[in-house]
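Structures are listed in the sections that come next.
Here come two complexes built around subunit A, the first alongside subunit B, the second alongside subunit C.
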Partner chain A sequence: MTPPPLTRKTLALVFLALWALVLGTTLIGFIDLGQYNIVVSVAFAAIQALLIALFFMQALYEGRIIRIIITGGIVWFLIMETLTLGDYMTRGWLPFPGK
Partner chain B sequence: MQLQDQVHIGGSADMTIETIAEPVRKNYLNDKQGILSWLLTTDHKRIGLLYTFSITVLFFIGGFFALMMRLELLSPRNWLVSTETYNKLFTMHGIIMVWFFLIPSIPNTIGNFVIPLMIGAKDLAFPKLNLASWYVFMLGAGVTIYALFRGGVDTGWTFYTPFSTGYSTTYVIAAAMGIFISGFSTIMTSVNFIATIHRMRAPGLTWFRLPIFIWSMYANSVVLVLNTPVLAITLVMVAVERVFQVGIFDPALGGDPVLFQHMFWFYSHPAVYTMVLPGMAVISEIVPVFSRKPIFGYTAVAFSSVGIAVIGFLVWGHHMFVAGESVYSAMAFSLLSYFVAVPSAIKVFNWTATMYKGSVSWDTPMLYAIGFIGLFTIGGMTGLFLAALGLDVHVHDTYFVIAHFHYIMVGGTVMAFLGAFHYWWPKISGKLYPEGLGKLGAMIVFLGFNLTFFPQFVLGYLGMPRRYAAYPEEFQMLHIISTAGATILGVGYILPLCYLIWSWKYGKPAGPNPWRATGLEWQTSSPPPTHNFKKTPVVNVRAYDYEAMKEQLGLREREFENV
Partner chain C sequence: MSEPVLVGNQLLELREQFENPEQQRETASIGMWVFLITEVMMFGGLFTAFTVYRLSNPAAFNEGSKEMTIVLGAINTALLILSSFTMALAVYSSSIGKTKLLAIFLIITMIIGLCFLGIKFTEYYLHYQDHKVPGFWFEYHGPSARQVQMFFVFYFILTGLHVIHMTIGIGILLVMLYRTLLGSFSATYHTAVDLAGIYWSFVDIIWIFLYAIFYIPGLHLK
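The block that comes next holds the complex of A and B.
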């Protein structure tokens, strides 16, 4: 397998971007955006995960099977999230008898 | 030309003659000697045997706990062990049987041994990773045994919160750590299998020419790679909350105890399929050989493994119907749980159809296979009872559940495990086991199993809860029958252990293909040489081509009869 065309410069940039996002996540904690706080921090976390997968785990430079497997992992994670949150979000829909 | 190729695949008779003519052949067992040659081996066949040894020991440890429980339950009152000890008994029985026997049982022993042989490879893709996996497994088992000797765990194998994180005073973290470590071994083996099946198939062995065993083991490995990390992180979170009081599952700290169940069962329901898929893999090999027919509906059986792997991930909420899960969510999980019965049923119907009009012979592996089909069907059907929302409320956490999953795991997986060892024993050891004792053992196991677990369906339906050391007197008769059955079952497990070990030394030489089976593993000598094949086999026929084989052998046999 040929080594991926990752230069030190790219790696350094990704590294800095990750730290910038860490800083961003921390700072967001001090600003009150109401329910949007969670949206912003999850978005930051998602970008961080994406950067790590694409560059550090070299998903950007891998073959088809590896990409399918990574996508599979993400889809499975979403299955877990969707069905679990499906439970939490529908719990209040039906009133408890007597309440 | 086509017929010529089939002659090549089915050419077992010639090979037998060749083996007889050549008395001592270099094989993987006598190639190198000494304990170090085993502990440092990278040969998948030897690693398979290392696993077999470890797993057998662990099986009997887990079995000992089961026996202690069954003895305790002879009497409605506590008489043998304290209630605290009883809690530890069922917990350690569950932990050892699930993670240190059932999950690695067939893949890491038989799978390790036969996958490379079946696909015509010299070894697995990463032989050193394979050895590392065994050491990691032993470390995990060691840590769990350590927890056991320090005083055990009493949370149940499910580690439910808030008991496990807040209240239990036993060695929860040590036991969880042992399981966490063994998870890495599972992932190592699974990654190895996936890479091997993708990359190392013999020339001409396309996906749809693969034995069904490979399909099922592939699906199984994918499931394990996807779900094991979730268990690992869940157990870490239990430890973190237990030690640092971080609020994850404890409502007092802002957590949610049902979240634990979501995460645990997201792992553990698919884990149930990773216990039974390898069993199905074995049955899909045994049934065609002893029916002398190709498997009925190859494509359907192959894809049903994939179907089980995928749908198995969508049903975990059926463990939480009474745990505070929302009614809508419960309805969705109930419906999805019914769907997963479809691919399982496809397999059962297709195995049965394979036997239909086949020339069925009743050798030991086939007895185990038929036992598997029957018991797995009962286990699966009662699973549908439990998937039904309303009925589950009635039988939740009763012996009905215990009986249901033991029909799948003991009636299914353990039967398949024993069937597999009898079927591939001639290949592994180069010797034949005593067939009469084999059949007797299979009957004893079948009888003992049903006597142990069928009464538990009744007990559960009548309201006997699981995990109780004492019970109302009206349940005693059924408990006594169950304990009697467990004793018979114990004899049924010790018997094969004895005669298989005996035959290792004293058995008759098996020859390369005693079952006259198709499949590449039967084309090399028994035991196989270290690198499996003298030269890489080339495949240009489908799997299980018994009709072609029958024609050729039939011709020969008829000549024989005429003489």
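The block that comes next holds the complex of A and C.
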């Protein structure tokens, strides 16, 4: 798929979308969603991060090597996050004799 | 030895290890992205530590979040997004050779960055007055005072690290402005501005996540 041409209009639309997302994050924060408040706010943040990376940082317009580097970085971060949280969240699930 | 190559109407220094200016630009860009990945791992480690502590004390961390001044946080987030937009416009202006516009957008971006820092330090001062700086000065009345203090430990470490990055970013933009005024950039050569733009937007992304984890979770308790 061909990315939209990077014009001032594209940048302005992304900017307005980002402001709308910040407003949305803040307003949803006032609703009590229990433990999901932070999940929703981080999800909104991830969408904003994606928009900034693709358009403001022009990742969408970079070559294949840079796209691989970015994807690799995100994958390594997710490995760190998943393994660490997997460890902490499952401690105590198995009975260890003597503990 | 560098070999001068005529690109457009400007002599561009092409280092001997590169075939052409485009390859040289992409190599510089790869360098910046690899650096940013190391930054992701650094901030990512701290975010992971925050998540581990938050999972153990969700209620206390929400109480800590309740102490944040949402108006200042929201204004700062909006400001930083605006600065990313003006920086993107600076990069765009340099790519079409409009160096006057490039200088103007760099100055606007720096001013917004300074406003962000001003508001951030105001917030720090309010926390100080409110006895929310971790240490012997810290005060919180409630059964989970220690856990709330832990929330503020993460808050000050992560936002402090972000402030350092912002300050470095403003320094980089100053250098870009100086080089723009010297006439170093044109439509055919603007790699340094591109890289500064990538760095600045990355610092914005970090703040957006900080806003999401520190300011929002306690909002519904207000």
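Methods note: the second predicted complex is superposed on the first by the 87 of 99 C-alpha atoms of A that agree within 3 Å, B and C clash if a C-alpha of one lies under 4 Å from a C-alpha of the other, contacts with A are read in each partner's own complex, and residues count from 1 in each chain.
Keep this in mind: a residue touches a chain if its C-beta (ideal position, glycine included) is under 8 Å from a C-beta of that chain, and two chains touch if they have at least 3 such contacts.
Being a predicted model, the structure only gives us computed values, none of them experimental.
Once both complexes are superposed on subunit A, the partners subunit B and subunit C clash. Contact with subunit B, but none with subunit C, is seen for A:Arg91 once the two complexes are overlaid on the shared chain. Within the superposed three-chain model, A:Ala20 lies out of touch with both subunit B and subunit C [touch as defined at top].
For subunit A, the partner touching the most residues, choosing from subunit B and subunit C, is C. Shared-chain residue A:Trp76: touches subunit B and subunit C both. When the two complexes are overlaid on their common chain A, residue A:Leu60 makes contact with neither subunit B nor subunit C. Within the three-chain superposition, the subunit B stretch that clashes with subunit C turns out to be 236-244, the only such case among 236-244, 326-334 or 398-406. Shared interface residues of subunit A (contacting subunit B in one complex, subunit C in the other): 65, 72-73, 76, 80, 84, 88-89.
Per the touch definition, subunit C reaches subunit A in the complex via residues 26, 29-30, 33-34, 36-37, 40-41, 44-45, 47-48, 51-52, 54-55, 58, 62, 70, 74, 77-78, 81-82, 84-85, 87-89, 91-92, 194, 197-198, 201-202, 204-205, 208-209, 211-213, 215-217, 219-220, 222. In the complex of the two chains, the subunit A residues touching subunit B come out as 65, 72-73, 76, 79-80, 83-84, 86-91, 93-94. On subunit A, the positions that touch subunit C within their shared complex are 6, 8, 11-12, 14-15, 18-19, 22, 25-26, 28-33, 35, 37-38, 41-42, 44-45, 48-49, 52-53, 55-58, 62-63, 65-66, 69-70, 72-74, 76-77, 80-81, 84-85, 88-89. For subunit B in complex with subunit A, the residues that touch the partner chain are 198, 222, 226, 230, 258-259, 262-263, 266, 313-314, 316-317, 320, 324-329, 332-333.
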